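Letters A, B, C and D mark the chains as written, and numbering starts fresh at 1 in each.
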Amino acid sequence: MHHVIIGNGVAGSHAASVLRERDPGSQITIISAGALLFYNRYDLPDLFRGRCDWVDYLVYPPAFYEENKIKLRRKSLVTEVDTNKRTLTLAHREVVTYDQLLVATGGVAYVPERLLDSIPLMHGFNNFRVAMAMREALPDGGVVIMLGGDALGLDLARTLIETNYKVVVVAGDRTFWPHELTQETRSSYLQALEKMHLDVVDGKQVDRVEQSNGTGPARRVVFDDGSDLTGDVVLPFYGLAPSVDFMSHAGIDIERGVLVNPQLQTTRDDIWAAGDVCQIWSPEHNTYRFYYGWKNVKTMGDVAARNMTGDDVTFTTAVDEILQLKPDGTIYSPFWEYD
Amino acid sequence: MTSIHTDVQIGICGSAGDGTIAVGDILKRAMARAGYRVIAFDEYPAEIRGFGKCVARTRITTEQVYSMKPKTDVLVSLNDAHAIPHAEEVRDFGAVIYDSAPITMIDEGWHISGHLNPGQLPYGLPMREISEQATGSSRSRNIVALGFVAGLYQLPRQAFIDAIAAKFQTKAAEVTQSNVAAFNAGYDNGAEIYRFDKVEVGPPARRTRVHDSTMMTGNAAVVRGCLDAGIETFFGYPITPATSIMERLAVEMPKHGARLLQTEDEISAISATVGAGFAGARAATATSGPGFALMSEMMGLGVMAEVPAVVFVSQRGGPSTGMPTKTEQADLNIAVFGGHGDAKRIVLAPTNVEGCWRCAGRAFEMAEAYQTPVVVLLDLYLSNRYETVVFPNKNPFVRDAWKRPTQDNANEPYRRFELTADGISPRAVPGDPHGIHTATGLEHNEFGRPNDLSAMHFQMTEKRHEKLNAALKHPGITIYKRFGDTGEVDVGLLAWGSTFGETLEAMLLARAEGIRCAAMKVVMLSPLPVKPIKRFLKDCKEVIVPELNYEGQFANLVSGAVGRDVIRFNRVTGKPMAVNEILDTIRSAAGKRKLRKSAA
Amino acid sequence: MSPEHPIYLEDKLEEIRGSGRLGYRSKSLPTWCPGCGYYSMTEGVTWALNEIGLRNEDVVIVSGIGCASRFPFFMETYGFHTLHGRTLPVATGIKVANDKLTVVVVGGDGDGFAIGGGHIPHVARRNVDITYLLFDNGIYGLTKGQVSPTSAIGFTTSTSPFENHDQPLNPLMMLLSYGASWVGQAYAGQPGHLAEMIRAAIKHRGFSYLHILSPCVTFDKTDRTYRNLDFSVRNLPEDHDHSNRLAAIREATKVDRPAVGLYYVENRPTLSDTLDEVMIRAGGKPAEQAGAG
Amino acid sequence: MSSQKISKIHVDEGEDFSTPNVFGRRVETTVRYSTDPREIGWVRENVPCQTACPADTNIPAYIRMIVENRYGRSYELNRIANVLPGVLGRICSRPCEPVCRHGWPGNGEPVNICHLKRAAADLKTEGHRISEDLYSPSGKTVAIIGGGPAGLAGAHDLSLLGHAVTIYERETRAGGMLRYGIPEFRLPRDILDVEVHNTTRMGVTLKTGVTVGNNDSDIKLSEICEQFDSVLLTTGCMAAIALPLRDLEHDRDIVLDLPNAEYGLDFLLALHRGETKTVGKRVAVIGAGFTALDCARVAKRLGAEDVTIHLRTTEKYIPVMEEEILEAKREGVSIRGLRTPVELITDEHGNGTGVRFVQNRLGAWRANGRREAIPIEGSEFIEPFDTILVAIGQKTVNDYIDVAVELDRWGNVKIDDNGMTSAKGLFAAGDFVSGASTVIQAVGLGRDISLRVDEWLMGRQRRRKVVRIEAVDEPLRERRFDFIPRQHMATASVSDRFDDMTTEVEMGFDKDTALEEAKRCYLCYLNYEIDIDNCIYCRACIDVAPRDCIKLVKDVAIQPDGTYGSLEETKVWDQVGAIWIDNRECIRCGACYQVCPTHCISISRKEIMYQDI
């Protein structure tokens, strides 16, 4: 039995260890687009605290994979899935066969279509490499312009503030994503951000990002009203988009994410999905929903792995999705938690 | 930035025809140009072209080292099928670079990215595409990959471009341009990559005469030694891994007015060498095991007729055809004892590339001074590995320093084989009217006339043996040397030839672990410097003799000479000795020592 | 002598001493069997060296194993008594080492065509400027009479007790085919002609091969005897064109009536010339050769 | 080796090659004549028998003819040197045989040269053709005084040279000592007659019974000298030497005084002139030569019972053939050595009764090859005899010469190098000049003088001595010949001998025996020579050599007479100038010739002969 897991995040990695636990004789392959082993992305803001060695972020030591006989294929992009032949095609034209497939590819930072042209001038923070690049681009005490300002961004933002950087949040409808907020709570939360020493620009639509002229900060964010804002780096934090492109011809149901039942099985019996990539049927909400957060994703990995190995468990969320306002006026998101 | 002590080993693996060895060559030359010290060893197949595997390994260091590292830091795969078995050589947090955009579909499991250990860092690179973009052809994949490595580790770009230019200097200018373009494309790609690997390359050590450091193989060093010693004739027959000596001499010797001839076989080669030696020329030949076996009889003639001749023997896996492209140290016996009769000769076994140069040069001096064949024993590993060598400004080798007949008693018949106190007789060569004689393979008297009386045979045999003792004090060559802890040690390592590099590395690692140990290299295997070896062994509680043969030929030699058994550490894998395996042996020997102590 | 040419010992001794020919002999009396053709060769070589006027120290005689092996010991020149079959490569080495030396190789049919046969084509094609005096008596004499590569079919020896069954080689044809630049044949029973041929062979610039027919007076009493050779040896036809290799080969095929004389000669660059050319191409200069200096 | 090498072997091209000889070679049969003193020296040195022969007989040549069954030619070859072969074949003193190479140490016994000479004479076909080189008449006249061997030899040769020769002979028949001194049982007179006749056939006038002298003679020498252009004295030694025991008191020869004592020469002359001679029972012969032996044997035949010969030394040191002594002994003659007569004992009648001898011991060698005898003091003893014959030597008589000639201090006629006395045209030769010697010497001297006389007569030398050199294409001998024992001649049984005085003791060889003996001859006139130009110094010849006869030569010393002195041998290779056959050691076995791989050994015949100038 060859279990192939696409994705080396929390869901995929956890699923792999559960699979190994439950099916010791099987072959397990994790296919990852990244170069690194499974590391804790949630800790990345620590970069600004001087924790710059990626090894320090590893969840498992390299030996873990060897001990568990989990094959980790990195820098391998899956370009195609043939669900009939049960094969995957990798970008380097290698074909990998599977018996059971777990899709745990997570998501990528969502950038609104109007800003696509500006992507080269913006930094990311969704993996170690881009995070380091952003850190290196940011001078000491520099200004970070954070577009959107979802929960992940805010986690970074509070670290930056703590480490004496200046953060300007250009707020919009994705601010605090994936927390769903009402209009009132939103403004109080925005106020709380200011309490947290973030600058907040609200009510303005970003038109484009430009390289700034002269000797000042490197970037200029131009709003649709013509006004602008300069900073050293510009980070889009508009939430995530599931990475499902490679599945488009796989013959499984996909809406925004891969549609799975509560057992996390897709519309094909031998394919499961877990993590940020999947939309899980919620009988409660009578719709397919995304569930975020370390704990949820880890649970998904666990559920998928169990079901792949003959169990029949259903996913229930483990995370309180409510954004908290703390007594000191600052906010706290449960999505910032991990174990 | 603190000065990083550079110690990086880069392996490039590909199929014959991929240009593996070529880029390896550019790499080490560039690094040597840049002022680093280099040791490099290529593995290549016996096959002419096609599917054979080539591995070019280069270790780049601040100070010269004499072995490859147990683990490679960076592996470049130009052919995954070949590189996959080598993936495990890469250390944790080392890098593996491969082509991420091959043109054809790959069967499952045949891409190297599927074979990396979790600790290794993959670098997929669309080498073919980049090559095509940069040069219009996919042929420069290897250069792209090299450029990528250089860019990745921010190696000095110009040194590489110079090395490439040098490499292709004999070709059309476009070739160089296109290769430089490919290199730059790769370099730029590499430079952009964010590195997760833990490979660090510091600046080269500051050296006043960087340009004097030359990077060359053992065989090339032999060639330089030959040239510096004023070689006049060379006769050879191609045989792996000695061929490159002849190839290089074929280019260089004519420039110096010296003559080289490819003979019809090894017998002819040694015969002509002995003939040229008889005629007074500095003559040499080079071969490997099978050829050397053919030469045994003529070596005996050289001993008997007291003719100088230098024979370079690069050992390879044996017996018989064995493993022509694999290294081994199993020709010690034939080098020291080979042939029939009491045919003692001088055998030098350099331990590194600089030693190859020195031994080659001194071998000519010794052959002439002691009037005997001298074997310089290399092995494939030493022959083919590159090291940076700093040569002295002044050519140290002495020419024409042999004892000649004096004109004092010109009326007396010339005694070519005069019995003297040191056993060395005045030697005349054809053209000298006062030294006419006939050299012979028959036992002879002082005049060279055949004579098989008991007393004469004894005296002459004694002379032929005892005269060689002077070689133990030959100036300008270190025939043995001790390293590591002084005084009494728990573990002593005794090694010869190329294996000494790994032995030294292992010894240093063991010392770092707190084990008291020392290592001695022995360069002159015959006559054996018995006294120093005895003194060293006296200091050692345990003695390990690591060597690349099955029974321990050197161990036998030493045990027999000093009357003490040693721990034999033998490997016959066709590969150089593994440092970590020696290290394990040191540990266990040290542990055994401790156990014994505690038991006591 | 014949009555017309009176021989007076004292005159002859004076002539011989005066000629300097004895100066090419060593002090040791040759030890071959009395009557052996090697004596003929020895005389021919000393005579030829003297005629050409070579200095003793500039001549190297190379021998292998076999009855020829002792040859250099009887010559007051440099000599190298080497191994069985290895004369030619040793001689090549000597010549390459020092062009100024005149190198003469002496050997028998066993040494040359059995164990040493592999070397002959190569000295021939390289045109090494040495002289090869091959003494063919069709038997192994030193080891007391065994069959050799040039023994006739039906020849009975200690190792062919039921008669030799192997076809003998035709050395002249081989050498002509190998491209030797000077090929000749002489007969030990005709010392005058032999000496002339040796002189010509030594003077030839390039590889000269002189095939010398001789009996083994000790171990062959039946086949290749002086008496039989006296009957069968003929001269090459007067009109033989020694620049015509095919004509030479044709003559060489007449093995029953071996002809003495110069079969073939051509002038082409010697190995030394070639190696000097290599030096020039390499940008070097043909240096003074090593040797005594 | 010369710079232009010429192959000796010419083998024709193609299948049509002419037949070589048995050794696969072709030899040109050419003849060369040489006057090079070295060639004459060679013959002198290498043909010991011929050299020893006073007549210079070409012994190897005539023996070779016997091998070839050419007895007539053999006889003629003898006659060239010696006009009396049949005679000499019987009574020659054989100086050749002791020097014969076959008798040299290790080689065995000498060849029976003399008997082969006789065989040639005896076995030639009857009426064989005689060859003579006859010159046209010169118009010169020569008188020869004395018809003995020397005179006869001279007469023969001078007559051939065209001169008119007259012999004056005292006796009634020519032959001299041959006829009057030598007993018939040794030399049959018919043989002598024929050969003497042959010497005089070419126009010699023989005047016998004519005495030449001063007083009661028929003609004076001075007269003869006036009549002839040249005169040759060959009167020999016809007087016995006196026993040095004179009757001092009467100053008389004791021998002549005693009736039963006589000089042996006189005894024999008388006998052969036809006188009747008797001897007593006990006959003592004092002396050690042929005459002594002949006397003893004659005495035996005359009926003596006890014949003894008394010698100063021993029989070993006397100049007589061993065989002669042996025959004498067989006939009952005893020989007593080491005694010198010191007194002839006479009885009161004046008859000799015995001889007082003193015992001798052998002393040193004397220059003439004999031993000295030293008397032992106080060892005298007397032996009784009935007849005493004294034969201690002969001397010349020259009192007949009435022309003025110089004499030497012994009173003999003095001659110059050309054999001429101080009187112009007067020559002397033979025993008359040399003192008593042998027949062969007399013959030889007679021959020699004839050339001198001729030269004097003609005013120039007409013949000269040359060496004839002829190539020989085979060895002519086989090694096995060397092992044939010396053939002995049969002799008449002792009982038969005493029947008369004429029965010949030696019976001669038959053809088989002669052939066997002839084959023994080494043919020393064959010269084995190495052509150094073609020699390869291989020593094959030395390997098969039967003796140390082929040498590695470094140098050679040439002696004044053209002969080679010692060959300096060497084993040092670079000093070996040549390999050389030492013909003095060579026994001409032919082995080297057959084995030489390069056919560089040649054989040639070297013979001394006379050539017209």
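As a working rule, a contact is a pair of C-beta atoms (placed from the backbone, for glycine too) under 8 Å apart; a residue touches a chain by one contact, two chains touch by 3 or more.
Computed from a prediction, not measured in an experiment: that's the story for all the values here.
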Next on the checklist: If each step moves to a chain the current one touches, what is the fewest number of steps from subunit A to subunit D?
Outcome noted: 3
Next on the checklist: With centres defined as the mean C-alpha position, give me the subunit A-subunit C separation in Å.
Outcome noted: 93
Checklist outcome for this item: Between the Cα centroids of subunit C and subunit D the separation in whole angstrom comes to 58
Checklist entry - Roughly how many whole angstrom separate the Cα centroids of subunit B and subunit C? => result 44
Item to check | Interchain centroid distance [CA atoms averaged], subunit A/subunit B, Å | outcome: 54
Checklist entry - Tell me, which residues of subunit A touch at least two other chains? => result none
Item to check | Per-residue overlap in subunit C, given as positions that touch at least 2 other chains | outcome: 26-28, 76
Checklist entry - In graph terms, nodes being chains and edges touches, is this line, ring, star, complete or other? => result line
Checklist outcome for this item: Those chain pairs meeting the touch criterion are A-B, B-C, C-D
Checklist outcome for this item: subunit A partner, complex, touching residues on subunit B are 92-93, 99-108, 110-111, 113-114, 116-119, 121-124, 194, 196, 198
Checklist outcome for this item: subunit C contacts subunit B in the complex at 26-28, 55-62, 70, 72-73, 75-83, 86, 88-98, 100-101, 118-119, 121-122, 126, 271, 275, 278-279, 281-293
Checklist entry - In their shared complex, at which residues does subunit A touch subunit B? => result 35-37, 54-55, 62-66, 71-76, 90-97, 128-129, 132-133
Checklist entry - For the complex, which residues does subunit D have touching subunit C? => result 1-3, 5-9, 11, 13-14, 20, 23-25, 27-28, 30-32, 34, 36, 38-39, 469-471, 529-544, 552-556, 558, 564, 567, 571-578, 580, 595-600, 602, 604
Checklist outcome for this item: Counting only contacts in the complex, subunit B reaches subunit C at residues 232-233, 235, 251, 254-261, 263-265, 267-269, 271-283, 297-298, 301, 305, 413, 429-433, 435-442, 449-450
